[in-house]
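Residue numbering begins at 1 within each chain, and the chains themselves are lettered A, B and C in the order written.
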Amino acid sequence: MIIDQLATPLPGSLLSTLPGSAYTDAAIFASEQEKIFEKMWFCAVRASDVAVPGAFRTIAVGRESVIVSRNRKGKARAFFNVCRHRGMQICSGEDSAGRRTFQCGYHAWTYDLDGVLIAAPNLTKMPDVDRADHGLRRVAVREWLGYIWVCVADEPPSFDETVLGEVVDRLGEVSNLDRYAVDTLAIGRRIVYDVKANWKLIIENFMECYHCATIHPELTEVLPEFADGLAAQAFVNHGAEFGAEIKGFTIDGSVGHDLLPGVGADQARKYYAITVKPQVFINMVPDHIIFHRMYPVSPDHTIVECDWLYLPGVVESGQDLTASVELFHRVNSQDFDACERTQPAMSSRVYRDGGVLVPAEHHIALFHVWQQRMLTT
Amino acid sequence: MIIDQLATPLPGSLLSTLPGSAYTDAAIFASEQEKIFEKMWFCAVRASDVAVPGAFRTIAVGRESVIVSRNRKGKARAFFNVCRHRGMQICSGEDSAGRRTFQCGYHAWTYDLDGVLIAAPNLTKMPDVDRADHGLRRVAVREWLGYIWVCVADEPPSFDETVLGEVVDRLGEVSNLDRYAVDTLAIGRRIVYDVKANWKLIIENFMECYHCATIHPELTEVLPEFADGLAAQAFVNHGAEFGAEIKGFTIDGSVGHDLLPGVGADQARKYYAITVKPQVFINMVPDHIIFHRMYPVSPDHTIVECDWLYLPGVVESGQDLTASVELFHRVNSQDFDACERTQPAMSSRVYRDGGVLVPAEHHIALFHVWQQRMLTT
Amino acid sequence: MIIDQLATPLPGSLLSTLPGSAYTDAAIFASEQEKIFEKMWFCAVRASDVAVPGAFRTIAVGRESVIVSRNRKGKARAFFNVCRHRGMQICSGEDSAGRRTFQCGYHAWTYDLDGVLIAAPNLTKMPDVDRADHGLRRVAVREWLGYIWVCVADEPPSFDETVLGEVVDRLGEVSNLDRYAVDTLAIGRRIVYDVKANWKLIIENFMECYHCATIHPELTEVLPEFADGLAAQAFVNHGAEFGAEIKGFTIDGSVGHDLLPGVGADQARKYYAITVKPQVFINMVPDHIIFHRMYPVSPDHTIVECDWLYLPGVVESGQDLTASVELFHRVNSQDFDACERTQPAMSSRVYRDGGVLVPAEHHIALFHVWQQRMLTT
């Protein structure tokens, strides 16, 4: 009576996605936390969020709470947010003013801004306690693009091969991104999204534009080729061209803001997008950068923090950024809504063996291969 | 000091219930979803809820979301609520107005009202994609008693042997129910109950009347024999007789509404009840039908949707149904409260081997045998 | 790049705590419920909470709901809160007025105040049902210090060896506690705390005073030696002496209330504390007793109920107890806040092998040995 339609082998036009369980299984998610988010470089905070020595922000990296801060020389530092004595969290929330030491609120164990234990009640009576050995456990840090990237792994992978490698794969060479001088820009707007969907659905959504005609009317107005479903990320260094009538990357195609000075003539009317696995999207347009960081919380819950970055003069002048911010804020809202409405089906029997990828989405299969490889090594 | 009273073998008057874990264990509940609710016929929606072609309502059947609708010829149809492309839910909530197609909101894959894939971006460039093979996965449907029943199993069991078989077991022959012409009635009132108890506690409660004297003062006033604890369902085709002073099946025994024309003289002052496993209760009185459908959510959570059905003329006339509805609404509230106060003890060590059934409840043991058999086959 | 600091063996000044998983793992918590809270004597309610025959209070003991009450002779009684018929909870909440029987609200099975089944519908037709065999299952009880202690184990351990044994270990002899005549005192104030932390963190916190200088400014003002981190519990029968200027155990050192008459000269200006594993803290000062009972709910959630006990005349007179109560209420708040901020780090990789105990905390290791032994026997 019911024909098992899934038994039919897939035609050549279609590739299979991951099975539904990859998006719902708590054990798979725990494995992703351990083998992806706690092993790879993770883009943590904007450098300006912790501008001065002792300023800090605490963030979740995989299952760990991490303090991101700066030492007395202004060098970025990150620590596991765990006192080495009895484990109380040393810091909570954020503090932009900066403090001179990190002191645990429980028994007053006190660490300097490089994490070394410098004081504790009766510490002088425990001469065998080495102050470096019992310092805050360090987390590897790297500043790039004006963000502090961290890695909680004992042996971080090569930043150049992994993070920069993604940029090379996408743009051909890192210099094509360097021209935007992202590290010199200022935050014009930050929006945090609470998305009830698996992090991989968000990446898959970002990787393809087959959905653009259906859910992104404003974006396809600005970037007409997106209506054809061509992913900006499908070809090396391809940028999507603004429509003929479009004056800027804004919700209504009106003029945007001051152009980033390093942007070349070939990039001046184009949109580029880069996915830096596992949790960063970089969107480049001539007058600003839209920078997404994902924080996976559970198999069906992901926090996404998105920064809109402009020339400091644009932000300082108090210009109205509404039309500029609104375009990608609407795209984000449309995308995350789609992901949230996709998540429930991941546990259906119909999706047990996954769904299908059409030719315009075939490159997503490479992301699936990567995820599988990360979990099995 | 503490005597293990459970070690005593049960006297002949008492039968054992299921062990407490049957009502609390997540694995047992998952097995029930798989082997009972996703294998058997499930009463989904009132036919009038989806009156016209393309009208739909989405419901949970076991762990699946199902779209219940009608095709262009008005024939009932049901589908897994999962786009065959990337899995987004095709429909949400309900729509009584009716639509011409089902279109996925993500990439615009579009299906006709029989579920066949009829359009998708670039579909013409994928000639190898068979439109029937990639149509919405069909769910078996059957209309009966004015309800649309569905079965998400690949091989549905015989409707006659299972659903109708329950009616025969209870009433001797289906014609005793047919006389009420339940399919011709209109919904006078619908109440949805959120019950924090296992679905089996609700069935066991419905199957016995040993509790009636204690918790149903209004019902035993109308049906005096219930005060003796006699279950209406204990004997084939037994109906509980109204009290001598009782004029109708109402909260105060006052006159009810127009009698259902097919009801025979022998049924004219009686209440009958049928349990159609696994999730339907049918209550028949001379002037209306009270029809319960259960939707199990988790081991300790069940949604119950209850319809009060009257002759269309009664509903259209705008008559005050309060006294009529209130009687069984109060019974429902009393029963579900009892189930909710029973649920916590299911995890007690005292209930590890279950409780006991007195003679007036012995027929519940057959329900337990059925549940055990369903899980082991 | 990252040095595995945990690989370094601990110096002699430091002992290891339990591993982080001991505070987060659901299986370990379930094992603690079974092998500690459901095996040992558990301090349930103040005797005056159930002052008259048939008065009751329902409480959670491990994973069980227990009714604590008194029989017609006023003798303390406790029962599993599970009807022996179909399992409904017999009682909910509390009732200080007292009732003559316990009647189940579902099918009216009725038990006397000793738990014997005395009535049920049709019970006379079931002569083979023994009324004692099917009575409420009894829980062992014992009154001591004006509290009703219960044990849900089939074979309770010796009260003298376990509960009194803790007092002897701490005070040298029970008579040192008897002098406070705790059973004669009245409740001046009761505060219930909802603590989002593992119960063992709360015990460990109570056992040491290394944190006192950091988080308890008011307490160290009253008990100056606490500023040195000396645990009151570290030495047999040691009491912490009030500061020279201190007139009473109050938030501002002002005079307290009427002294407990049995308190000796040696105890008159001292604070003593006893931990009665697994869930009681007794704090003794000259004019009152502060008595904590913990109810563990989940690995990271514990309810703590704290009574301030005074001479009945003090309570009856309506004296203002604010300054007296406020001191330890503030201590409780400070301690529970510390525990809540410690809980999150228990799941960090950094705490996988636990934290460290300094010499002033070394006695906590004995608590860890005890917990380990309880779980493995």
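As a convention for this text, a contact is a pair of C-beta atoms (placed from the backbone, for glycine too) under 8 Å apart; a residue touches a chain by one contact, two chains touch by 3 or more.
Keep in mind that this is a model prediction, so the values were computed, not measured.
Taken as a contact graph, the chains are fully connected, with every chain touching every other chain.
The pairing of chain A with chain B is characterised as different-residue: of all residue numbers used at this interface, under half are used by both copies. Between the CA-based centres of chain A and chain B the separation comes to 47 Å, rounded to the whole angstrom.
With touch defined as above, chain B holds no residue shared between interfaces to two or more other chains.
Within the complex, the chain C residues that touch chain A are 1-5, 8, 11-14, 17, 20, 204, 210-211, 213-215, 229, 338, 341-342, 344-351, 355-360.
Every residue of chain A that touches chain C in the complex is listed here, in rising order: 38, 63-65, 80-89, 92, 105-108, 120-122, 125-126, 128-130, 133-135, 137-140, 152-156.
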